[in-house]
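Order of writing sets the labels: A, B and C. Residues in every chain begin at 1.
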Amino acid sequence: MKRKELKGWLYLLPAIIFLGIFMVYPLIDVFVYSLEEGYNSASQTYFGVGMYNFSYVLHDTYFLQAVKNTIILVLITVPLSTGLALLISLALNSIEKLKDLFQTIYFLPYVTNTLAVGLVFMILFKKTAYTEGMINLLINRFGGESIDFIDGPYWAKMFVLCFYTIWVVLPFKVLILTSALASVDQNLYNAAKVDGTSPFRIFYKITIPMISPMIFYLVITGFIGAFKAYSDAVALFGTDLNAAGMNTIVGYVYDMLYGNSGGYPSYASAAAIILFAIVLSITCINLLVSKKHVHY
Amino acid sequence: MDQNLDYEKIEKTAARRRKIKNILVYSALVLWALIVLFPFYWMVLTSIKSYGSYSSEYIPKFFTLQPTIQNYIDVFTAVPLLKYLGNTVIFTLATTALMLIVITFAAFAFSKLEFRGRDLVFAGFLALMMIPNELVVITNFVTITNWNMRNTFWGLILPSITSVFYIYLLKENFAQVPDELYKAAKVDGTSDLKFLFKVLIPICRPTIVTVTILKIIECWNSYVWPRLITDDAALFLVSNGIQEIRENGMGRENIPAMMAAVVVISIPLIILFLIFHKKIMEGVSRGGTKG
Amino acid sequence: MKVVLKHLTKIFPNRTKNLPDVIAVNDFDFEIPDGKLVGLLGPSGCGKSTALNLISGLLEPTSGQIFFGENDVTKLPPENRGVGMVFQNYALYPHLTVLENIIFPLQNLKGDKKMTREQMEAKALEVARLVQIEHLMERKPNEMSGGQQQRVAIARALVKTPNVLLLDEPLSNLDARLRLQTREEIRRIQTETGVTTIFVTHDQEEAMSISDLIIVMKDGVVNQIGKPQDVYDDPCNLFVAQFLGTPQINTFNGRVENGWLYIGEDKVLKTTGISDQEVYAGIRPEGFILDENGPLHCRLSAVEVMGRDTSVVSFNDNMTGVSVRSIISAENRVDTSGKEVRFSLKPYKVHLFSKEDQKRLYFEEGVLR
């Protein structure tokens, strides 16, 4: 009996060790760090314990800029990408010919390197002394003025970031919604058709309620993912995001930790905990709302 | 019922509406496909333009008549792209292999072995799924630094060896294999390890393949952790390499060469995807997330 | 309203090369009279559901026409046909209550047919009473038993007073006891509303027990149409004979010689009117009479006494099935010690079929009563 018990733990041991060192311990440690005031990473000493780190971070203009950027990004990309994904999935589900081909193409961005393809977006949108850039060519064609999306006005930079983020997250959402739509019992639609239900009414009375669990799943994971945005911004604007004014909360955490402005794990921890708190509360709100609106 | 004349009208409008709907749907789908594919086209196109011709195009051209492979030669000679690729391959294979061992053992223990505290530990594991990486990366950075593992492969690999989510996925799959099989194996005197490798893993191969592919994609594209842990270019992975090329490499703003590098590092995954696209999409829809 | 099918055909092109297209419905050409309950009967995959979907308009026929009354509805979309349909898995909207499910079709009505909420609820209550679910109106589908869900589905199909009611395998998802109960329910509801009803089933007992008319089909082809008892007593081919009746009809390899049916060496029945040939002889279980001097010799295997009846299981070298099963009144005591049983036969329970095309061969003595 004793040996059997031991064996179970033995098989679990590697997982427990790794999770212990790299998940559980850091989880506790991050709170410790965030409370240690004036921590010096070289000498590993600190002055006292308190909320100063949080106060510092919350008064840091870079952090506030990062929060503003992140929130704008979340508010724009989550609804837009979910809505767009729904439209695309509906279209995909209504056709038979070429469905597989379209599905495969749409999924392609999922397997590409965010950093690498971000570079392509950068050169598409960038306006330099040598070239107008692809997108400006299009804008000019429709009679608009050229804009530098990468080093230009804030709204233009935000536009590219949102556009690229949507391009990156859409494959996952389209895939999930397409399979959700396909798994709705076809007979429900048949029953509605026989009863003369209009396509619009079928959509909001049957389709939406039937896939509402999946839509809420995507909204929740979308919020979480968008709040953690970072590499997309790096890909477009380079590693010095503060200079570009396009930093995100996660970017701020890393900048505090490492790099030219790094060496402040306490500030990084405080910022990470603030981020976690925001994400947690938004997820809770989402869950509460979904309890009310998801139908079964 | 109404008269026959009405019927014909209804038929006609229904047919016309169907046709219009089809045209609209297909044009929308084609439009989005173009938006998805265009960056890839542009990346390949730019990579085969010579630096000179690219720089002289104030208004970019949509095709080129003098394709060149000079950029591809450049990225392998002027910057150590091959080194980056090699690093990434080593990192990806090692991480994936080690992770598979760890999660298979854990999933086996959770699904087939009985011991006190099992369910409690499993609940604890599930709770860990909610912890975002950003929260633990700070201490991990400090830990690896303290262990003097910065700029080593172990430093890169160790923190990503376990994944609670994949343990969960595999455990669910193992649990579907009837317990009778395990009992039968016990009666026949089969050892646990033998049962795991000869019965459980072959039966659950599809899930294991899915997990492997997802992990490979994740490793190949990982950026944040490698960036924190390596500042020696000899250990850069492709994501960091590309960022390095962008900011310091190539001497000047050599965009065609940069695009050549992007093509080179994108191709392995795209090939993997084209071969396994059914499996990958199936696996992702069963619970993958990006990043 | 009567339903008329004229040369109705549905072909599904086969995607795989080298395989022929599937003719799911082959040249359906018959009339379903107004106000009848009709069972569309056949083994799984024979195209009966396809036929139903053609009538409902969910599928378009490859060729042929469908008339409701005098109107050609062939190309009409389902919503304009006025059909009520009950699906095999009921297809109730899981997120809506029973009441909302039932009034769903009414909310689709437009123009002068538009109803107020009160009218809808009154109408819903009326059909709910008919199917006896008026106490469940606020439940969700997953809070009800299969039988109750079935009734809701029927109520939803009836609420807009359809011209035709279509039921796709209405009983297949119910357990055995509920099935008996529900099929009588369907009969009652149909009689009370008088709506022309077509239901699809693979269960011959189900079809026989409640239908006014059954249509037996196989591989997309209608084999026989008629009143259930008529089809049972007078099957037009071997398939229909074997498909109807439990226990199944016993089939033997036999031959007709000089106006007599031979099974092996046994000269069992006079069959005037059939030329000499090899035949299949189908004998209904109730067509055997236990008779010490009977012409048909069988080796006794088992006797199953089931109260009212006794089942005698025996073997014969010329049977095509695994055994010969005959049902005799329990009052006849069977001598189980012997190794042989002998039967004489009721001529009208014996059907002969051509070996060539399995069509029925009629003989004078075989005519019923």
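As a convention for this text, a residue touches a chain if its C-beta (ideal position, glycine included) is under 8 Å from a C-beta of that chain, and two chains touch if they have at least 3 such contacts.
In this text the structure is predicted, and so the values were computed from the model without any measurement.
When C-beta pairs in contact are tallied for each pair of chains, A-B comes out on top.
Note: the chain lying farthest from subunit A is C, by mean C-alpha position.
One finds 54 Å separating the Cα centroids of subunit B and subunit C. Centre-to-centre spacing of subunit A and subunit B amounts to 16 Å, using the average Cα coordinate of each chain.
For subunit C, residues that reach two or more other chains under the stated contact definition are 77, 80. Across the complex, subunit A is touched by residues 56-58, 77-81, 83-85, 87-89, 91, 93-95, 104-105, 107-109, 140, 142, 156, 160 of subunit C.
Looking at the complex, you find that subunit A touches subunit C at residues 185, 187-188, 190-198, 201, 205-206, 209-210, 295-296. Remark: subunit A residues 4-9, 11-12, 14-16, 18-19, 21-27, 29-30, 33, 41, 87-88, 91-92, 94-95, 98, 102-117, 119-121, 123-124, 128, 130-134, 137, 167-169, 172, 175-176, 179, 221, 224-225, 228, 230-231, 234, 238-239, 250, 253-254, 257-258, 265, 268-269, 272-273, 275-276, 279 touch subunit B in the complex. For subunit B in complex with subunit A, the residues that touch the partner chain are 21-22, 25-26, 28-29, 32-33, 35-37, 39-40, 42-43, 46, 55, 57-60, 101-103, 105-106, 108-110, 113-116, 118, 121, 125, 128, 131-132, 134-143, 158-159, 161-162, 164, 167, 192, 217, 220-221, 223-224, 227-228, 238-239, 242-243, 246-247, 253, 255, 258-259, 261-262, 265-266, 269-270, 272-273, 277, 280-281, 284-285, 288-291. Subunit B makes touch with subunit C in their complex at residues 1, 4, 7, 10-11, 14.
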